[in-house]
């Protein structure tokens, strides 16, 4: 049984962490902080938690986070770096669900996130929390940078092809689509249902913060720079990411589905679908699974990988708990055994 | 050809007014004001207007509204009352799409809207702009209070029964459902797609501002106080209001559909459906029509009236233009002849 | 550990039963039948079950249902009555999620369902499976008629008021709204997304099959006939029912929220919200809870009860499992402890 | 004034043709056929047409189509080819909104559409009705093959780059997304709201019928074979197509937005957005416009073209009327001047 604290519990990532953690057999939730909602019962803001969690939100300064074994930051970018050093010093382990520790090159991070990093040394220490590539390092880590939602879906989709050197890494395309919960739970005009419902659009085509994150990982795996075009789109639904990935094969004789199935055969949360399948985001709604199918249209040299996750689970809270399980020596799937909510 | 000014053109009511007015043969749009967006092309904010309108938003103080023949206020409550007196003095006619001039009893208005009214004398003068009950007064008016969306659907649904004294007015129930555009285009958490999508709820059951508005009109028609229970709900869609109305009949021998059809036979924008029909909000999407069907389940003494409108058209911008047409002596349907966008 | 068979597993009720049953610690799923899909892996039709269930659909004649301890019928109306007698004779217990055994008056049933009942004697024996009113009888039953979705939300909402004789039972109104999954998973034009998306409508106002079911239960509780007006509506979302109930109070001095909270204090799946609350269907998405709030607008004599359930869980599969738990002597909440998926 | 007949008027393409044609100043609708609905008022099936169209559906054999000047086929594939020869012989002009006359190579057509073509000679004669490339031929045509929805959005997006030889035509990628109305208005499980709502997926990745259609056009323009990977996706919304197109530039010194704006400057229905813009499907809801933006992420050699249309308008009924206008010598924009319904 570990004591868990959540910093910033009023967003979609926060409530999803809570949904999963209240069902986790080895977790006791100690504190959930929110400046704005301090003192209010958490289940008043999120009535799905009625009867499951009796805590109130607490002010960060009163939350006694030091005594927690594990801290999750479910805060806006730039917040975790303020207080992570002291919590690590107090002996807590930390998982940041925001972007503060994801990009190793501080200059790159500062350019994309528009602020000065306050603890670059912790960036160097932090482990990028994608278990499918960093499981052992995660098990040793004090500080884990939980991957972004798009990077999770995209990286898992490209990984076998890049790792095995099967494609031209100078021309990768990721056409990614996300539900609106990716934009978070904060007052904003562009995320109104009146703006996002019954419509579809691309955004940030000139450059999205998840681009350097994906490139960093794929470059690390390829051991040489990759060139990725990443175009995110907004889907009029709440949960789910679908990444459609395009790459040019250097060898068209391989059975790619078999290759992927072999590659991921021991991964509890990556599910390779049979030949000809088309994964749907709803099949993984509420669960930590990434479902992947791979096609080679007209038997040509273009590989098309279809990769779906729930952006709030494998793309955020679920993956954070998977990392927690690894860091704490629990079974990796503990508390993450649910079945997708279909329909 | 008249010169039209719109005060506050960045909301959903504003863009809907623009959509309809750019197609109106007797209207020249002179100015559309917005403090926040002054100087920006309107069609940059609303790309559906590209090629249809080349104006920029203008600052209210530069907009030369005095020279307009007709002013529409598409502003938050409490704004129109600030400048309406001077525009009327300058000879403009004014239609307020907000609530500033809807409630005759200033005490009631101030209680529900939580502010002090700055020009009560204009409230007395203002005509409530529901043409189906006030057509002649509208034709003479300088100042029209455009009805709220719920009040339009509800009042048109109850009107024949109340007017003809066929029901017990001490027990009226209006169970009303609205799409999210009714909440406007302003940054807010409750109107995020993440909050309103794929979910349904009632709100403001203890009291909604449209209750006194509906009660005022029905009381005026009944010539005695009515007792109305009004429960609004939020539907996960953008446009449309569906009011389901319940009343106890004092006489069950009448053919209610025939009665409604007769009552509304000369109304260009009220369409009574045949017996057994169930109007859908999509049938009136984008148009100024109110479709109504009336049922008497199990041949009992409860009348069930189903009334649908597009909240942004007959519930706001379309009705405002209908009022403008009446005030200016144009054909009442001018510029409002479109066909509902189905599906 | 009991052996469970599901007759008709290709609909939404079927997949929801499977989602919940594969996580139930005392259940072994023996067979899931489907004539049309016999031989196909269930997880091919429903990929959310991949890795959770390795069965194929089986043809009813090969399914060896006789050896099951518990049979669920997730079939169209009129199917369960064909084979229930032989399964009961073989010693199985049976829960029918369709309507075959819900209405005690065979004449009424045959009128509303348009067919001849083949085993009226079993209708007499069957227990109506709403645990909140029939828990003890369910515990003894061989055959349970699982309630309809609207009846569950409506009956639980009216129950305390009717049971305690606080309202005029001659004028009950239930304005109910359902997501589209209530229409099932069968090819049909009216349930296309092109027909139901972004629109709202009432349907079956002249009479819906759930009306006699609700009336039967409320009449039984009131010990005299009730008069109910029931108007169902279709909401452009997948899951969820919201019933808005109206009744005239005979005494306005009571604290209704307190009364409801007391009434349901021992019920694990009925959650009475505090005064002023508005339940949202999303708060119970995927779970077996009914959330209820009760209002008295303008402190008048009209009670407004807001009652929400997930139509596929408390309105179908979840309640069926709750009944199974009671019939089998398991903890009533076993396998139903999940947290609602919000957002 | 011309007499128009519509064969097959009960689908989404049919009702959209009717919505536009009842507002067209030079059109008199003579007959709308439907075997299944013959005799029923059209406005009973489509209540948005109440008061706008008083015709009933007629049986094809009674419809006297021979006397029409213009026939639209809004029928399933394979229907138009049955009766087009006789209607042409009778002197009618014909526009087929289905695929019967789109593919010049009969072998290719028969492979993709799985049937034998009954009038190959008319395929040779038919003009592919994309006015932006075939305006003059359309003006002379008796028979026009109206383009598919995906081909319209995709072809207009690639056209300037291909025509001017600026890209590597051996590696074109079209990642296209469509609302569900593209699947038509026919009973089907996959198009239920329960299946398509709140979810996103790719489909037909191994090969979609619109692939040979797009390839044929682009090959014709390039004057050499192009190699296109085309991946369609289903978006949980009703109307709209968004095509995201990827191509490798051979020259990165050009201002692509300027080039597109020049290329399309005389086109009434192609609107090139300024640099940095992201078109939204809602901006063209209900109208015949294709909005296009073009990006070059990270100033690299990959061009990303974003192209949106309303699949039922520029992708079907609107483009058909544009073709009719050209064939009949009307102003090309006649009856197509509406403004997109936003929000």
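To keep things simple, chains are lettered A, B, C and D as they appear, and every chain counts its residues starting from 1.
Assume contacts are C-beta pairs under 8 Å (C-beta built on N, C-alpha and C of every residue); 3 or more make two chains touch, one makes a residue touch a chain.
As the structure is a prediction and not an experimental result, all values here were calculated from the model.
Undergrad: Have a look at A-C versus C-D and report the one with more C-beta pairs in contact.
TA: A-C
Undergrad: Tell me whether chain A and chain B, two copies of the same sequence, contact each other through the same residue numbers or different ones, using over half shared as the line for same.
TA: Over half of the interface numbering overlaps between copies: same.
Undergrad: Taking mean CA positions as centres, which chain lies farthest from chain D?
TA: Max centre-to-centre separation from chain D belongs to C.
Undergrad: In whole angstrom, what separates the CA-based centres of chain B and chain C?
TA: Centre-to-centre distance between chain B and chain C: 39 Å.
Undergrad: So how far apart, in whole Å, are chain C and chain D when each is placed at the average of its C-alpha atoms?
TA: 44
Undergrad: For chain A versus chain C, what separation do you get between their C-alpha means, in angstrom?
TA: 36
Undergrad: Where does chain C touch two or more other chains at once, residue-wise?
TA: 12, 181, 185, 194-195, 197-198, 236-239, 279-280, 282, 285, 343
Undergrad: Can you name the residues of chain B that touch chain C in the complex?
TA: Chain B residues touching chain C: 171, 173, 175, 177, 179, 194-195, 197-203, 205-207, 227, 229-231, 233, 235-240, 242, 244, 246, 248, 276, 278-282, 285, 295, 297-298, 300, 302, 304, 306, 308, 343.
Undergrad: Using the touch rule from the top, collect the residues of chain C that touch chain D in their complex.
TA: For chain C paired with chain D, touching residues are 12, 180-181, 183, 185-189, 191-198, 236-238.
Undergrad: Quick one: in the complex, what on chain C touches chain A?
TA: Its residues touching chain A are 12, 15, 19, 22-23, 46-52, 181, 185, 197-198, 238-239, 271, 273, 277, 279-280, 282-287, 291, 337-343.
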